[in-house]
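These are the structures, in structure tokens.
Two complexes come next, and they have one chain in common, subunit A, joined by subunit B in the first and subunit C in the second.
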Partner chain A sequence: MSITVRTQTPAASPRNSSHGTKVAQLTRGALDNGVALAVLVVAFLASTMLQPYPLLILTLALVYAVALFSIVVLTGYVGQVSLCQASFMGLGGFLIGALMGHYGWSYWVAAPVAVAVVFLAGVLVGLPALRLRGLTLAIVTLSLALLADNFLFANVTWLNNNSQGWTIQRPSFLGISLESDGAWLYRVILIVAVVAVIAVLRLRRGRTGKSWYAMRDAEIAAATSGVPVVAMKLLAFGIAASLAALAGALYILAEGSVTADRFNFVASIQLLAIAVIAGTRSLPGAVLGGIFYIVFPQILLNFPALVPLTSLILGAGLILQMITAPQGIGGLLEAAETRLFRRLAGGSAAHESVNEEGDGHATI
Partner chain B sequence: MVSSQLLLELVLVGIAFGALYSLAALGIVLIYRTTGVLNFAHGAIGMFTAFVAYQLGVVGGWPAPLAVVIALLFAAAFGWIMERFTLRPLRERPVLTRVIVTLGWLLVLQSAAGLIWRDTSYHIPLQIFPQSGVRIAQLTLGYNQLANIIVAGGLAVGLGIFLKKSPLGVAMRATSDSPSAARLLGIDVNRVSAMAWIIGSLLAGITGLLLAPLTTLNTTDLTIIVIEALGAALIGGLTSLGWTFAGGILLGVAQSLLSLHALNLPDGAKDVLTLAVILAVLLLRREVRTLAISTAGGEGLG
Partner chain C sequence: MPLSEVRNVTVHFGGVVALADVSMDLLEGELVALIGPNGAGKTTLFNVMSGIQRPTAGSIMYDRRAINDLDTTARARLGIGRTFQTPQAFSTLTVLDNLLLPAWLPRFGGVIADLVPLPGAGRAKRAARDRARGIATFLGIEDTLGRYPTELSLGQRRLIELGRALATSPRLLLLDEPASGLDAGETERFAELLLRVRDVFRLTVLLVEHDMQLVLAVADYLYVLNFGKLLAKGKPNEVVNNPDVIAAYLGGEDERAATAASVRLPPGVVAAPGPTQGEGWVL
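Moving on to the complex of A and B:
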């Protein structure tokens, strides 16, 4: 199974490419897969080598990589912008806390139910997006984020446990207590994250993904070509929301608790900032972004006055990113890879590189 | 049974608040009409301006008028910096790219304020107008509330006249209709955009200064005023100054009347109302909808 993400759209792939290009593509695919596999192996081995505390940090970074991947889907694949992904993440976590706390549900039942509920919430949010795009959708999702901050997480006592948030007993997995075994906690979260990402990537490569790209690049043309625009848009919103909720579910599993302050509107804007800085069409970008978002504040932990520094760096990074390199760090990595292959395969791969770079520049 | 006096008082309080939403919204509309950018950092600029005035006037003990003037100079300069260095280079790029830049500025301003003044609510905002008030037919109206209405109304009328009569105002309207045609007519589009951002940021700054004494001076509350301002701007179809002003007043009064239901209503109820208004306007107002569609081609992320 491959978990490569390309900036290239299926429609833009060169059909009459020469033999050399095909070789380059094959090797390139193999390299991407190889890198992905190596990263996975290293990620897995990390659980046997790291001390409990650094491992917990890495676990949380994984959780945020899933949250960022939800933005990759919505913004990168479908071209819609959401300023309430952290709210969906928080809603997922809070729902699990409420279902476990009020009704004594098992985590393994509560988590899928919460993800399904947030999927529906995402579809509901997607409804105005059927008529609106871009600017207006940003307004709607930002006001939803504020609604979640000031109402859902602040006033609905069923959901927020009288404003205390929730603390849960981490469940067992195949007889192993995740409460006491940090290494297995990390592995379970790694497996869930990888499975979710692969599932979405498979969807992206099939009809659904082709419809998304077609809609993103030319919505009216897509509609006249028989793409079910309404269903596909709502599906994208639902999937993005449920990926964010899954991140929330993994968050409460990793931390053992949820509180509202992690999921406010600023967090949503921060998530979008990281996703854009890392490259909205890039999976490696999402992983690197997740690591930065969790690890950097750890460095500041001993200097409480400097906590806003993370946000400052993200805001400044976002502005600089937009001005200098719109395709993001992930896009830069891919451009470098393309250059490498252009050199290896000689002039014949030039066609492909032009295509990819041209597309990469169009990102955001 | 609700006494008519309570009702009237709530309406007046709502108008005093709503006038400031209107003022912020006018800045958003001016910038949007001239440059096509929705400024999500609008509330954050007002917040930072209020903090600058607090630093000089309350912490530093400077005379209030001086603190106000310098804070407003900051707001104007900030608008110019945003336009000149981060938005002008992106003029040919999709609208959404430039809107995301304003989100970046929101994060920068909010976190910078947090680094300088800490994320607490223990700041005493600079009082520009006295809180004591006049009695008008059994009702007490604070001087600061009265001042809000007068300042906001005056600035709105002034802005309307400026856009209609002054050469720069006419140039702004021309630029908003068609930048390329404006350029052909010899209008300096760069200068016009810069002026729109400077005036827009000034309006944001004035809003922040007037609103801070009525709410809490912290890094969040004034920053998120941008949602109410956007709601008012949407009621005006992002073009009409008159409807925008009315929209702000309407939102303010509606939020104020909410407290009829329960005096200790949570903050969240206001947000529910604002969201409902925004959704209703987006789905019902045809201009806004066509606007969303007509810009869709250029603003796509792909």
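Moving on to the complex of A and C:
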């Protein structure tokens, strides 16, 4: 049926009219992009200034930021929960090791293949989510993580290289050996991470992301609005799994090796806990979480007495965050950015500049 | 030829019979109202029609085909739109996005198109956006487009939900108590709006509503459900004078309070004297 309704009011609704002041033209999206660009510049400059060891730490933080971003997509954007994201990460790394080790594949071929395979695995894991939610789904995905620990990574010798894990020769990138050049290793990982994040953010801004939000807010109403709920949910699980696998691919690139103990169910639970503390709803939470996940143990190295208390500290942090900042540290940062934006744009203008197609979060 | 038919639909929840052998015809262009006390099975019937609840027996016909095996999304795409008793607007999407999404869905490679800007991709979105704005203007909620549903009043949220349902390009629109929570003036304006919506969008409407003033003002035809059974059907004025309906609504002494609260009639259509409860009139 073609619709015959036409807009009757004059085009200049109050929201569209310009406010005449220069500052009012600053939009939230522009501020977000500015902040993101500044962070990227700092991230790039770090590779020219840091010593090899701190740079390796930062590289790993970046890897875990990608892993945590997979939780942001699944939990933050789609409202689903998974306690096997570290298993997907490990599967990605192990598949690359196996493809390179058994068949002599190049890393640059093995990595995309592994990510694609884990996408399919993620879709399969998404199937129970079509019927389950919340705690039940958490338990099902946790048992899948245990299955991965005790079967996939423990008994499948093709995959785990007779329980030794894999050590790879890092490839070269445009003629630069990533084996010997730590700065370029970091930069390559930064580029891959940024491209992946931009791709997902494009999805989020498009009909895919709007459908995800709609499902998260009111799933039945989304279905009655024509949103293909089943397909979009499976897609979300697939994308989250492949982001985790990408983190695994970057991990094996950064470390040069993979072992199963880094990707057991405890790691999955830690990832989710840190994602919740750092903020599951947005990218800054993932970045902060990645830094925390890697840097926190480094700090603990200096205080050996605290090591047995790691879980306790994490748990206390979780409780503190639940009470003081339910949206996580990322949520606090967003609130701070909103205040900054209001100040820059001027009190009343800030409200008027809200983009009609805002999506409930900052753009980044 | 009816646009949609409910054929002998029965729904059991365990031992409870929510609907028993209910049949209805919805003629093209008609505004049909479904009334009955709370718990009569009205929302269950809506859920069966929109594919949320599987019927224990019976079938739903739509556009000359049985649609029992189609899921909610598929039925929405065939043109069955609906609203909910408690508004279910997408709370983290702006009002514009709420109205945009049904006309700009991720299908036919829409996911790929989100990733890679293809030529002409902007056109579909612009068309959907213009349509969303047109619907918002028609419903008088164009001022709210940039806001979030949580910031708006119940009445506005009900209109957003109606707008979202209209954005799916429905032929059959199911409205579940669209006027509950509205005051008398809002309800009156809603009645006028509903008739205009039906005419402009050329819809067939099935309306569940407790407010009899609204029902009698807009309905072409009336079905009465009671305890999951179809009690009466017919032109509104026939139905409100139907002795069965009056008896059922009056019932025993105990049930008077409940029915009085759930069915309110305006003065003038009272067919039988009864004790008034609160502001309402009892049939």
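By definition in this document, the second predicted complex is superposed on the first by the 301 of 364 C-alpha atoms of A that agree within 3 Å, B and C clash if a C-alpha of one lies under 4 Å from a C-alpha of the other, contacts with A are read in each partner's own complex, and residues count from 1 in each chain.
Throughout what follows, a contact is a pair of C-beta atoms (placed from the backbone, for glycine too) under 8 Å apart; a residue touches a chain by one contact, two chains touch by 3 or more.
Source: prediction; values computed, not measured.
Applying the stated contact rule after C-alpha superposition, one finds that A:Val227 touches subunit C and leaves subunit B untouched. Contacts of A:Arg216 after superposition: both subunit B and subunit C are touched.
When the two complexes are overlaid on their common chain A, residue A:Leu235 makes contact with subunit C while staying clear of subunit B.
Contacts of A:Leu300 after superposition: neither subunit B nor subunit C is touched. After overlaying the two complexes on the shared chain, residue contacts for A:Val113 are found with neither subunit B nor subunit C. In the superposed pair of complexes, A:Leu56 makes contact with neither subunit B nor subunit C. By the touch criterion defined above, A:Ala46 lies against neither subunit B nor subunit C after alignment on the C-alpha atoms of chain A.
The contact surfaces that subunit B and subunit C form on subunit A in the two complexes overlap at residues 213, 216-217. Put simply, subunit A touches subunit C in their complex at residues 1, 3-9, 13-15, 199, 202-203, 205-211, 213-214, 216-218, 220-232, 235, 354-361. If you check the complex, the residues on subunit C that touch subunit A are 50-52, 71-73, 75-77, 79-82, 84, 88-94, 96-97, 100-102, 104-107, 110-111, 113-115, 130-131, 133-135, 137-138, 142-143, 145-148, 161, 164-165, 167-169, 171, 200-202.
Those residues of subunit A whose C-beta lies close enough to touch subunit B in the complex are 75-76, 79-81, 83, 128, 131-136, 138-140, 142-144, 146-147, 149-152, 154-155, 213, 216-217, 219, 265-266, 269-270, 272-273, 276, 280, 305-312, 314-319, 322-323, 326, 362-364. Subunit B makes touch with subunit A in their complex at residues 38, 40, 86, 89-90, 93-101, 103-112, 114-115, 118-119, 220, 224, 227, 230-231, 234, 266-272, 274-275, 278-279, 282-283, 288-289, 291-293, 295-296, 299-302.
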